[in-house]
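You will see two complexes here that share subunit A, one where it goes with subunit B and one where it goes with subunit C.
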Partner chain A sequence: MALRTQSHEMGMHTEKLSGRTQQRFFSPSEEENFTYPGAHDVDFNKRAEFDADKLSTSEINLKLRDLMRQGYGTIVMRNPGAKHAIAVGILNKLNLQIEGSLGYFGCGLIDGPNIHIKGRVGWSCAENMLAGTIVIEKNAGSTFGAAIRGGDLVCKGDVGARVGIDQKGGTIIVGGRCGAFCGFMMQRGRMVILGDAGKNLGDSMYDGTIYVGGKIAGLGVDAVPGEMNELDCQWMERKLKLYGLKAPNGIKNMTKIVAGKQLWNYDNLEPSEKKLIL
Partner chain B sequence: MADKKPAGKEDVDKYLKGDGLDSSREKEIGQHIGYRYDVNLVPDYNRLTPFLKKYLEVMGWDDLNWLEDVHMGYEEGRAAVFDRNINGWVTVPTDLKLPDNQQDRDMIARELLIKFQMSKKHPMVDLNKAYRKF
Partner chain C sequence: MCGIAGLIHRGKTGDIGTEMTAMLQSLKHRGPDSTGFALYGSPKGNTLVMRFKVAEQEDMKHGFKIHDQVKERKAEVDKRLKELGATIVQAENATEYAFRYTLDFGGDKKKLANYIEDIEGAEILSLGYGLELIKDLGDAADVSGQYHLKGFKGSHALGHTRMATESDVDIRSAHPYWAYPFADVSVVHNGQLTNYWTGRRNLERRGHRFMSNCDSELIAVYLADKMQQGAELKDAMTDSIDELDGVFTYLVATADSLGMAKDVMAAKPMVLYESDDFIGLASEEVAIRSVFPHEIDTFDPYEGEVRVWKR
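Right after this comes the complex of A and B.
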């Protein structure tokens, strides 16, 4: 009771935690629009191709924007030459085919496009991805899908360490094996590893789900096995089929890892501390 | 084992009826803490609305994609959906009759969020005008 009085005196019951409220009104029945206001009006049937061999990173990204501005909805990029930061910040619907490999930070911050990469990708591919799909035919480097927030990120080969570090949503699928500390500090979303997973899988995960088809070298702090249910199986069957992948030992035999929620110390913070975090 | 609770065990209107204060800490500070929905609930694709089907077709996606992570939540006693683009809640119109299950509610939340994000009245439109560099 004394604590309750103290909390009242400290203003915890009157302090507004939800931030400033801004009132905006709109009608759900207003003009139907499926793309962001200001997005380029592209047509998937309008196709363009270009060779990126002699272009710099900036020139390649500007070329992509220019083609979208002209209404091209399908773009084929040849010879990206493993340059870094290619195809970043695309906030548009688009079919992009990359015939070659990307360097570091490829396809970061995208919101909407479907990207198919025939080669490999370097570190931090699809970092902070918001929506869309990315399919990589070969292998990927470390921190694959770092801080991803949404969309489907698929690597059909093997991936390095720290896959989906700080994952905040979306789906990451690894067709092969992955390294240590995958799902580190994961907060939500789904990660599917069809092969073996390295040490400290799901370390300090806060929420979200990891499915593993192979062997797990070791679980991280507060990562615990969960139970596969029918909804999980149906979802994964659909998802894997979309990308032509299969669980080596069957979906029902995959291991599900969830947060033990023993590290949930959030409740112990004072309102002012929470504000700083939010 | 800390897996999600089986669907259907909890009252779907729990956060509309009550104050959402469950833990001792929540009761102590008088405020609900954390998500008001199961972030790990995967969507039931049999419940897609016609609007969502059209949206997926326009975007060239075979499934809900990023919308798989969108759920109907509850903010200050009202049904609402979280919009990551403004880091805030969009409340559901009061005259909208809510379905009796979370899966259908999630579909409504997804549809409402798309309509809001693509609206010219979305706050991002103003921010875009003010700060866009190229």
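Right after this comes the complex of A and C.
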């Protein structure tokens, strides 16, 4: 209730609501606020395996749901066969081991699971990921981690273009090289590319940080070099160690890219207020 | 959105008809309007294979006259081939309106193509020693079944599943495109060319013909023009990255090669599988996996990348 009062005092609720409001206010005392509808309470010690070879995308995702409903917290999926939209929308803790490759839109909209993929992933892996970890042993397609908001997304191989486009948080780590337009319109979070980066890196980024271990083909508009400091190095050392990765030329020799903040208006004015001034 | 696929067996042949059918069927969701195959069989000496049609599939549904017209047009094709000194070795009906001829012909292929395509409704889909280009409305299983493509032995192939966006749903606008007047050159494309009309007008002024209003045809004619001027396939493709405007990933095949090019924005997908004896490319990995069900290592070629493989 205190939060509610405070927000009203700050003038954040000037609208006149009639009828039933859909606004909900967070209360740490209510357990339901910590879980999503459809999230499952699973036990990591309960393990299940299944073969996805003959199953369709829907059948695979329903199978995962069914196993989680039964409380299985460790699931091994074999032979996904590069099918699309596998393991999406998982909103609870889970250890998911995928023995094979995924097609497009794998592991999107997840919040919490730890996913290990032994193969490759296609375009748009982990789109809108909120929390958890995804580790891919081989390569990944373009728009890897688009609009990711949290968690760690790691590809140990090479990745296509537009990695972390519209990234809003979390960490993306690429073990190899990546294509053009990575970090396009990035807003928050960190991106680590241990190999070479394509042209227009960080184009129109608002904020966030990009670290590159190899050569950069070219920076995008408003992406500028930053200065590597001790905190950057310590953070990266810890992260890379976590996933068994190393910077080829050493962490201290990595290039840091940040937003120049010249392209956009970084003030707090509302569009209507800007009109008055301009 | 369209789906494209290519494969090449290196140093051997395979059942490319069955393989390409499986690849394209798994890409059906990217384009259900039409499906096309460019299959490269084993050339038999100087015998030319000509695939052509004298009407659209849609035409056959309109009126009774079309059935007689198809016969008349085919008879006119036969007559004109004879006039040009071509001997029909074998004539096969693929459908009522599409045909496969093998020809003994040592003359000017461009002249032959122009003379045949002067007949109303006639279009040469391909003319080559190894290339056979088949395209029609429907998905891969439909077209493959209709034209009996399963069991087609050859070294390499291209394929396309089309979702029509800016031109008609007909055979004329379906891919692949034969790079007229070059024997054995074909192209499939996923994307959109924004300088189509400018490029088309330039090429028409240079004497090239366009059969459709589909922007993808520009790539085939563009490459044909470059090669006519003496450019190697890879050089022509590299030039195309700068000179073609828009978003595109395309595949091109010649008598002995298969190539891919991706625009500088890398906006259209392509997954590549490369081994010592087989190259597979497709808009989605699931297409390659229809030929290789076991785990394979694949990757995305990068923006502005051009690659060519020999069979």
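Keep this in mind: the second predicted complex is superposed on the first by the 226 of 278 C-alpha atoms of A that agree within 3 Å, B and C clash if a C-alpha of one lies under 4 Å from a C-alpha of the other, contacts with A are read in each partner's own complex, and residues count from 1 in each chain.
Quick note on the criterion: a residue touches a chain if its C-beta (ideal position, glycine included) is under 8 Å from a C-beta of that chain, and two chains touch if they have at least 3 such contacts.
The model shown is predicted, which means the values in this text are computed figures rather than measured ones.
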*Go through the superposed model and pick first if A:S142 touches only subunit B, second if only subunit C, both, or neither.*
second
*So, A:G160: does it touch subunit B (first), subunit C (second), both, or neither?*
second
*Just subunit B (first), just subunit C (second), both, or neither: which does A:A180 touch?*
second
*Considering only the touch criterion stated at the top, classify A:T209 as touching first (subunit B), second (subunit C), both, or neither.*
first
*Figure out whether A:N45 sits in contact with subunit B (first) or subunit C (second), or with both, or with neither.*
neither
*Between subunit B and subunit C, point out the one touching more subunit A residues.*
B
*Classify the contacts of A:S58 with the two partner chains as first (subunit B alone), second (subunit C alone), both, or neither.*
neither
_Residue numbers on subunit B that touch subunit A, as the complex places them_ = 1-4, 7, 23, 25-26, 28-31, 33-35, 39-45, 51, 54-55, 58-63, 65-69, 75-76, 84, 87-89, 93, 111-112, 114-125, 128, 134
*Complex contacts: residues of subunit A adjacent to subunit C*: 53, 81-84, 100-101, 103-104, 119-120, 122-123, 138-139, 141-142, 157-162, 179-181, 198-199
*So in the complex, which bits of subunit A are touching subunit B?*
3-4, 7, 12-13, 17-19, 22, 24-26, 28, 30, 32-38, 44, 65, 93, 95, 112, 114, 130-133, 149-152, 169-171, 188-190, 207-209, 224-227, 231-232, 235, 238-239, 242, 256, 258-261, 266-268, 271
*Parts of subunit C lying in touch with subunit A, wherever the complex brings them together*: 264-266, 269, 271, 284-286, 288-289, 293, 295-300, 302-303
